[in-house]
């Protein structure tokens, strides 16, 4: 039965029995009850008897110590915005729909086509802020934070997929590419890939009936009415909280804000109004994947701290018999061929494969099973291993991705090394795809088994190194991030050493007063410092300088020099959290340092705390000072809200004061948008300028004269200001020495680099090393707090285990024949091979090697071997395959 | 390090066309380091030769060995027991190694598998640049550590010539002008005096085979400096 | 995803295409395979940062080596896809098979 | 007198020298040389005979020089370091002198990769400054480079080239000084288009007293077309053609570029006549020998002095 494919936004059909999408978890079939006619075909076909038509929702009770709410988000449905024509004109799609169009698993298999006629579009317009920043038409005043980036990404991918020229235009009010490295991406899209960015909010989309093209009407910055025709329009829909999540929150008595996001405090960003219930992701506020992943870890950290006493209880341990030494024995291979119900057996002639396997060299035993992965088959395999004294095992069944670890455990359970195992995937790579040609499938199954048997004969037992973990953390940097990380690790029950280079804790936040929401930073900081200093698990060392570093995950050793006497101390620890922070840029621009009426935003905030704003008549603020320019391409993320915060402060104290903010894009992302709106309502005047026409600033006795070209008036205006506040961007703390000693990579802006931008945002590439706060990139205090909790959480996953078992799949150097050519040193993506200057040899540390094999395949003298993938272990497969004749 | 590059395959194939059993001998030092003649390259070349000769219906039997250095007699010894089994030897060592090998087995045809290219440095994996022409009288002390013989396309001793082109050599914009660099570096080091003097005509010493005997190592009367 | 592709394609698992050596690719052809291809992650998305880029260089190198010998370089290819792209995998497999069919059997097999 | 060449005499008598240039043919074609020489005769004091110019094989420089002597002109025998080692150079110098060649210009030579035999092995046994020194040593000390005495020294008026327009500019005058110290009697410069930079160069040369020790002839090459101007500006290493000049040639309009080019050259020559330290002009009318008489006439350098 066919049903509408909702994942693909209805652009194609799927069956009534379906897997939602390729990455779904669990990757299992479901029945669409709306479309199912109850024919019973699937029930009869399923050998495992897994189909239950009358399956019902069940209620179960679980007793837990803490709860994390992450109900997720839903793209805004623009059906009601009739001026955009969604649902009316087929070639108007939402950004979610366009994502599916771009996807290989989407309705058009990754070919960019428009829905109406399946023609490749010649031009596409993205309309930003659909369902965001729009109180009037949808009630969502917030910025969804992610649309500017995804629209840019979609435009780039579309350009790549479409072979001809694609005119990709993004209509926006402000481009909010404020994340780490996002500005560079935006610049690449604009300057290298030719994506056009137009500053305008589109007011009408209509269709050219003959062609299905769309007429996009808008008013440009100078007030001129314009229209352009596009093949397709993509609505960049914002993020919303689904009704089900609101109901859930209400049931749990968790407070929501006016937009239905969970209400949180800036100093406790993942804690809901109800103690013990934490939140993360878009439910907490609009955010991108890195932010969501970070918060997820942060929530886990707090939830885990509540449960730390119970850690390690209610667990079971498996006892493993001692390993038999088989190194001197000839291979004795047992082959187990799986029917996988009818998945394999229904196509492949399993008995004939089994019989064939029995005739292969070194094979002493064969068997076939209905389900080789079942628990009783494991017991059977164990018996057979013992009975036939097998020393290598081949299972011909499915993908090693799913069951290899389980079979390896079966081997271990009877004293065989787990690496004496090989699988032949005769299901996913064979019976499933060659179901129409059983003879060929049987032949291929034999080929795959022959290859697996050949390889099994070459396998060697490998030792997984077990290393102990020093259950102590080192946190570098005693600012808000470092202190939170230390405190949370302490709460998890781990010893922490917090080193700070200054004499005092607090870092840059000591220069700050309030968050934009009104959170008072000073008392928060005092309390935090008190908690950190008072925590029995946390040792604080101030005036400390890292002077030496060594070791690997779980076993690091760091030398520090303390105080003016340079007292030396060596700290042994299992993990590191880097929280070295950042500072405010010291402007070279706009008479800063020459005229004392020119200040930075941080200095302005000081002044407002001290003297208030009653004496101020006119204040001008200039944005992007020391950001988004040739010297510092990146956006500093925090300056727009900083300006809005101070502007509001002035206006609240002295409504008559005039405040002008000269900006390039206002980037008050997420819920910060409300403050931007409030500022405009209170009469703060925002004037946009282009990077190539920055304001001109002159000093005069009567005030600071600031001239800028007003885009709306299309002329230069000059403002006489009592005070000019520069929104000076952020600069990473000076970590040249530290990064050199600890060999930690930084980007060109001096911020540390995470292991994976999206999926491992607080891990560093070296295992056991984590990152948080502004050392990672510019961010707000609340973001630094959640990130430090996340780092503590990730560190906990290491510290919670007294030992780590390392993968045995690592590269090994034959130092006898190595000529120290350094090719491996230069090739390794993780910088693991090193020239040991004392021993004069190249070394690859087992504990650091990721096992990719790059070094092994490039070594000119073939002296590096990757265990389990040695050259002959691969070559024998090639040989065995081709020995059968293709 | 001595940098070499693999000879064109057709040339190698042509050398060996009349031989049925060939030993491919790699060298484990310079040419291995520059990814031209170590174990890996021996294996690749043998695979190619095997396939090519089968296609020609003229199969060849190939042996493979890579020794530490073909420019050392003691290491060459490892070949003594093998060479007899082959009709010819294909050496992937530098020109020196190949000659030394050929000298050891005067009865056996020995062929080069690489073109020895220069003495150079390693810029990155697989990327080498020439730095020395072994002229036997180093002027780097005068020229701020930049060799005019190697790095100047005309080998000028009193450059730069009029062809210097905004810091590049006249032969290519990608080739920096050695003398421009020499000038810049000396000027930064306040040592321009070095090149204000006319550097006299060079006594070329690399125009005949040279022998070096380090002082204190002269072993017999006969090995007097040549 | 059970997407059909020709049964004469057999997969050899490696941890990363960066582990695929010139020798492995040559050996397949030398031993009589009609074609061999490496399937790696999308460029820029290598789990080990740049293994797939190195593999691409090697594949290109092997193609040149084969051409030198007189065997069509197009018997060796590199494809890139992400792990969620079953249909693309099958499409590439079919494309490769078509390509090999057009080239005919490995010429070494007649010798 | 070092060589008693006409050029030396003109210069030492204080006249403003005017030299021309002739590229030998790419064949054994003596007629071609004579034809070109005819345009120059009476209009210049000496004629530079290029030596495998731009590394393209041509009739040898000394052989073409001999034809010029037969035609009653004075050659300025050019010799580059690219094609001969010190033995060949010295023997050619002796031979040239024997046959009445009295001027020679010592050059490094364009790299062979520009020419028609790009893979040729270059010699560069000695460089241009060393060549100057070698000729001087042969002439003044009567010894070969080896130090051995030679029988009857060659009498040569020794010339060298200078390029004021290649970076580093500061070094250019110093390298000129090196050439003079090595023994250059006269200098012919690279073609000049950037007059500002040349004025600066000459000022420094005068300040350093170099013009007291050596005659400097300013190089002039008339621009024949907009294309040539652009090529000179963009593709010839060490050449500096200001944009204004290209614009000026372009502005002349279709078919008038050549006339404008000649006009510019004439203006330049007139300025050089007045410029401190400039002892003459070397006119390199590349493949344009037939226009030399009119340029000479327009520039007011005719008749040539008889000394």
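First chain written, first letter: the chains are A, B, C and D, and each begins at residue 1.
Please note the rule applied: a contact is a pair of C-beta atoms (placed from the backbone, for glycine too) under 8 Å apart; a residue touches a chain by one contact, two chains touch by 3 or more.
For clarity, every value in this text was computed on a predicted model and none was experimentally measured.
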Chain pair, A-B or B-D, that carries the greater number of C-beta contacts: B-D
Approximate Å spacing (C-alpha centroids) for the pair chain A, chain D: 69
Centre distance in Å when chain C and chain D are each reduced to the mean of their C-alpha atoms: 62
Intercentroid distance (Cα basis), chain B paired with chain A, Å: 49
Centre-of-Cα separation between chain D and chain B, whole angstrom: 40
Touching two or more other chains - residue numbers and ranges from chain B: 40, 43
Touching two or more other chains - residues of chain D: none
Numbers and ranges of chain C residues touching at least 2 other chains: 23, 27
Pairs of chains in contact (touch as defined earlier), listed by label: A-B, A-C, B-C, B-D
Complex contact set, residues of chain B against chain C: 8-10, 40, 43-44, 47-48, 50-52, 54-55, 57, 59
Residues of chain B touching chain D in the complex: 153-171, 180, 183-184, 187, 192, 196, 198-202, 204
Parts of chain A lying in touch with chain B, wherever the complex brings them together: 817, 819, 821-823, 826-827, 858-862
Complex interface listing, chain A residues touching chain C: 22-23, 104-105, 109-110, 400, 425, 429-430, 432-437, 440-441, 443-444, 447-448, 451, 809, 827, 829-830, 850-854, 856-858, 866, 869, 871, 874-875, 877-879, 881-883, 885-886
Contacting residues of chain B [partner chain A, same complex]: 28-29, 32-33, 35, 38-41, 43, 66, 122, 124-125
